[in-house]
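What follows is a pair of complexes built around chain A, which joins chain B in one and chain C in the other.
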Partner chain A sequence: MNKLLLTLMALLLLVLISALAGLNFGPADLSYSQVFQCLTGNCADQISQMVVWQVRIPRVLVALVAGMGLAIAGAILQNTTRNPLADPYLFGIVSGAGLGATIANLSLESIGLGDQLNIALPLAAFLGALFAITIVIFIAKVLQQMEQLLLAGVAVSFMLGSVTQFILYFGDPFATNRVIFWLMGSLSRVEMNNFYVIASVLMVTIVAIIALHRQIDALLLGDESAASLGVNVDQLRLLMLGLCAALSATIVAYCGGIGFVGLMIPHIIRQVIGVTTLKLVMGSALIGGSFLIWVDIIARSALADAEIPIGIITSALGSIFFLFIMIRTRNTH
Partner chain B sequence: MKQIIKYLLALIFISITFSSIAETTTEHKPTIIALSPHIVEMLYDIGAGEQIIGTTAFADYPEQAKNIPVIGNYLRLQIEKVITLQPDYIIAWKSGNPSDDLARLKQLGFTIIYSQPNSFEDIAKEMREFGVLTGHQNQAEQQATQLIKALELIKAQYHDKAAITVFYELWSRPLTTIAKGSWPQQFLNICQAKNPFEQANTPYPQVNIEKILLTPIQIIIQPLSFNQEGSQKEKEAFNWQDWPVISAVKNKQIIQPDADAMHRMTMRSLGELKNLCASIDDTRQWLQQNNEQ
Partner chain C sequence: MSLQLQVNQLSWQINDKIILNNITFNVSKGEVIGIIGPNGAGKTSLLHCITNQQQKIKSTQLTGNIHLNNKIITQYSAKALALHFAHVAQKSAAIFSLSVIDIVKMGLLPHKSLFAVENDHDRQQIKLALTKVGLAHAEKMDYNQLSGGEQQRVLIARALVQQAQILILDEPTNHLDVYYQHQILNLISQLNITVIMTVHDLNLASQYCQRLLLLDHGQLIADGSPEEVLTEALLCQIFRLPCAVTKDVLNQKPRVFFSLPAQQTSNLNGAN
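Moving on to the complex of A and B:
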């Protein structure tokens, strides 16, 4: 059995263990046997049934696919732009989603449709994220330099962020709170429908990546080399960017802002498994999914009386990770 | 003697029957999760405090409220804990609780009742509603009537007083005040205190100290949280002594009401209204006596 297969099997095992751990941690005091009974359809009481099937299972599944999606999006963006700092959120996706959420929050409240927020907010956030990525692509197209995508993303991110803050400043302070906290990210609101939607977009993205992985690998050699191998560089980059944007926007719409996953995980995988697209994507998906499940476990179990927004934990871990990379790079040099 | 024993037995029987009826009634009182400090206070005011089985952080009044299990904060609720507690009703603060968590709880089959008092009259209205909900109609009605009567008295006492210009310091960093649409603005209206920032575009505008220096402020209202340590309170408050050109500072007319009592929409805030109006009136009289602007 070769090393890659063994590594992937170990990562699959990690996903399984993480998922089982995710089902067993939580503020409700359920024993392992109670959780196991519920999983086999023999719940001891209605409360355990509700906790396991309506709270923990959707959370674990959404954490799994969201972590997979963000890590895959990061890996693909880093490979297609050949920029190690590329991350789905650096393309203005969170700022766009924040603007969408702000507009939905304030406009629906003002016309008395505040109760519809639960449906409208993810939709508006998704549209906002797509709006942001459309502007980024448009700017890069106008500049005729696709490598400027990241800079355009940072600029758009600041621009949309300032529009959001301006609107929030003049809006209802409670709506401001809602938007700010929503952007910190959480899996507490998720349900099975969210899992189906994210999983569908994730599947489409994975299929496209598998079909085009050789062309994406060619991009690693440089645009000229890829073009000489018959790859339509701009078209491929645009397609991948579009898919990653749709995937990240869907995740942000349901889970809020979860930063750094797309940045950190592919870096780890490059060290452990390899840099070519297929290996990188498979490894990123498995580690990203497990990582977010564990982050969510910390989010709901670390404090006795409250939940920690998931984005706070991923950002904290991400910053430590960056410092670690910086120190390591310095030592290597 | 037989007669006495008969009466005693009858008395014991009646007391046992009544106590069992009372217990049965208590058992049927609905259990409640109250998702904000003001809801907890309101429920204690109407005698339903013992029915609260869960609340959010900072529900610290009255003293017994500190023993209620906490199931989240203004940012997130622990849905699993709510499921475990199985309340009959969840009373939520419409604008102050995470709407997505509430939507999820509703979806899970919990009955959610919303609280959103925007005026003192709303407090009375909600107390009556919660009274019906919790089986404490009489006490709720009594409290609501008392609140409305006390409010009318305060309004009557101050309605024809001369207006006095005040600055309301909501937060010190950044310096933030209140305007129309905010909860404390009604305190100023009732006490005949003129807020120069009342017509601002946002209910809680940030203000520049330059603007305050240009306005003849006669009183500064600086609510402080008395739950915090003394040093913390002082650190968080704006240091007005750095600006002696403001007439309120020069005349030492800075009022420091209890922020918790004032900003929570409960019976306590009425007491704070009474104190605030009295303090403002003291300054009004002092200014008249000293012929100050």
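Moving on to the complex of A and C:
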């Protein structure tokens, strides 16, 4: 227990250090002391005040909660479906969001409401993601095979992806560009409001997980075993899937597509901290949050005069990570 | 002994297939009951009905009733049933590297409200259960790395933490070697709670169960002590093999021998 507490404290410290590092990176040339002064309310000038409070703090906070949320959603989906490869993205959430964003982009543009896109795009993406997950659950329900959720998710993902590509192919090139860039994921346009929304959904999810962690753990030994302990297996799985879908849909709506976080982070935590739900979720939240802050730092500072979309970096790191895991597993056998 | 479970004219049908046919028996507190019979006789199905786990199956038709402590079983919530029955399945594989203690802890689930945390009493219960099954040293070990016998003991420890009144086991000695078969059954028979289990090995059933229920084609053929149920005539008829029943020299319980019909002429002819 003490070892666990120590590890969590160390991870908390990592989050803090990552956040401070995140605040110090950016195009505006601010020293550590200037940033610190602004944080304590003694800003030297208005510009640095604006940079710190309106650009960097929202960005770091959104990176933190988005990383936490994606990692938690991955951890919970993996434990509830007993599938180590489950990830919010495999349930059609991103392709649904992509379709929503595409429709919003093209239709608002054509009726002359293009300036409303700031609000409409996240909303449409969120609705698209929920639409996708509803179809996935519906298919699994009709087939009466809740354990086939993941396969249904992959099928829906491809289906919606092809609809999106069809629309984009015949659509306006500018709108197409916008959707494609949005799908690559970025934190460059986030605001403080986005943080509040994501953090609220995250809080609800965490409270539900704390309440139901024993039930989720019971699933790890099979549905029948969980049912014999009094767990309503289908109901629990549906509730958790719904919460994870809402959480990832909210994140995708504001930040675009950020892959691999939900797949990679819980995998690391299982090796380091443990496999039971509470340990896994706490560890995943802290590592996931720090991870995305650092990825965003790389996204902002790797190129001299441009940002790299954050989803490109997470996907690149994720694929390297998986090759590394494969090689390590082969060597240990 | 007070009556704990009453099964009354229980029949179960899935589509047109009869799974269980008009089964009636009672269980008193503290009895160790073995359900025996050939493959497909309905042994595991009977366990599913007793624990009310059969409703998930489609096109199912159940008649008759089961009373648990004088109340119909379908009136219990899933959580309340988990306080009465602890179920040890034939084989439970863990996904991810669950430790022994992670699994034993699951037994706390029916006793805990949503936000309740683990207390000293719970930890004591877990320790006690692990000591009882002889795994106190192994609490941090990876469940999937344990032998079949040790895994069964972990699941029994979980059932002990669950503190249910009736322990339900489906083939607890499957895949176990002779040593573990006896170790597990000996452990189970000394727990001092009601036990209902399916057993394939008739001699193990004879040795460790106070009472046997013999099933065939969904029907309850015999119900009684091992001496009453394990008779040559009955076993030959049900298992369709020549058989002889003697007394075990070590424990004086009935001991059953089967042989293939081709060998019938040699020494088991008299059994028919």
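What we mean here is this: the second predicted complex is superposed on the first by the 332 of 333 C-alpha atoms of A that agree within 3 Å, B and C clash if a C-alpha of one lies under 4 Å from a C-alpha of the other, contacts with A are read in each partner's own complex, and residues count from 1 in each chain.
Just so it is clear, contacts are C-beta pairs under 8 Å (C-beta built on N, C-alpha and C of every residue); 3 or more make two chains touch, one makes a residue touch a chain.
Bear in mind the structure is a predicted one, so any value in this text is a computation, not a measurement.
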item	value
Clash or fit (per the criteria above) of chain B with chain C on chain A	fit
Which of chain B and chain C A:215 touches, first, second, both or neither	second
Touching partner for A:55 - first (chain B), second (chain C), both, neither	first
Which of chain B and chain C A:230 touches, first, second, both or neither	second
Touching partner for A:5 - first (chain B), second (chain C), both, neither	neither
Partner chain(s) touched by A:182 [first = chain B, second = chain C, both, neither]	first
Partner chain in contact with A:191 - chain B first, chain C second, else both or neither	first
Angle, in degrees and to the nearest 10, that opens at chain A between the C-alpha centres of chain B and chain C	150
Nearest Cα pair across chain B and chain C, whole Å	41
Shared contact residues on chain A - chain B and chain C	none
Residue ranges of chain A touching chain B (in the complex, touch as defined)	26-29, 47, 50-51, 54-56, 114, 117-118, 121, 169-175, 177-178, 181-182, 184, 186, 188-189, 191, 300, 305-307, 309
Residues of chain B touching chain A in the complex	57, 69-81, 83-84, 86, 94-96, 98-101, 103-104, 107-108, 201-204
Of all residues in chain C, those that touch chain A in their complex	51, 53, 56, 58, 77-83, 85-87, 89, 92-99, 102-103, 105-110, 112, 114-115, 162
Residue numbers on chain A that touch chain C, as the complex places them	79, 82-84, 144, 210-212, 214-215, 217-218, 220-222, 224-225, 227-232, 270, 274-276
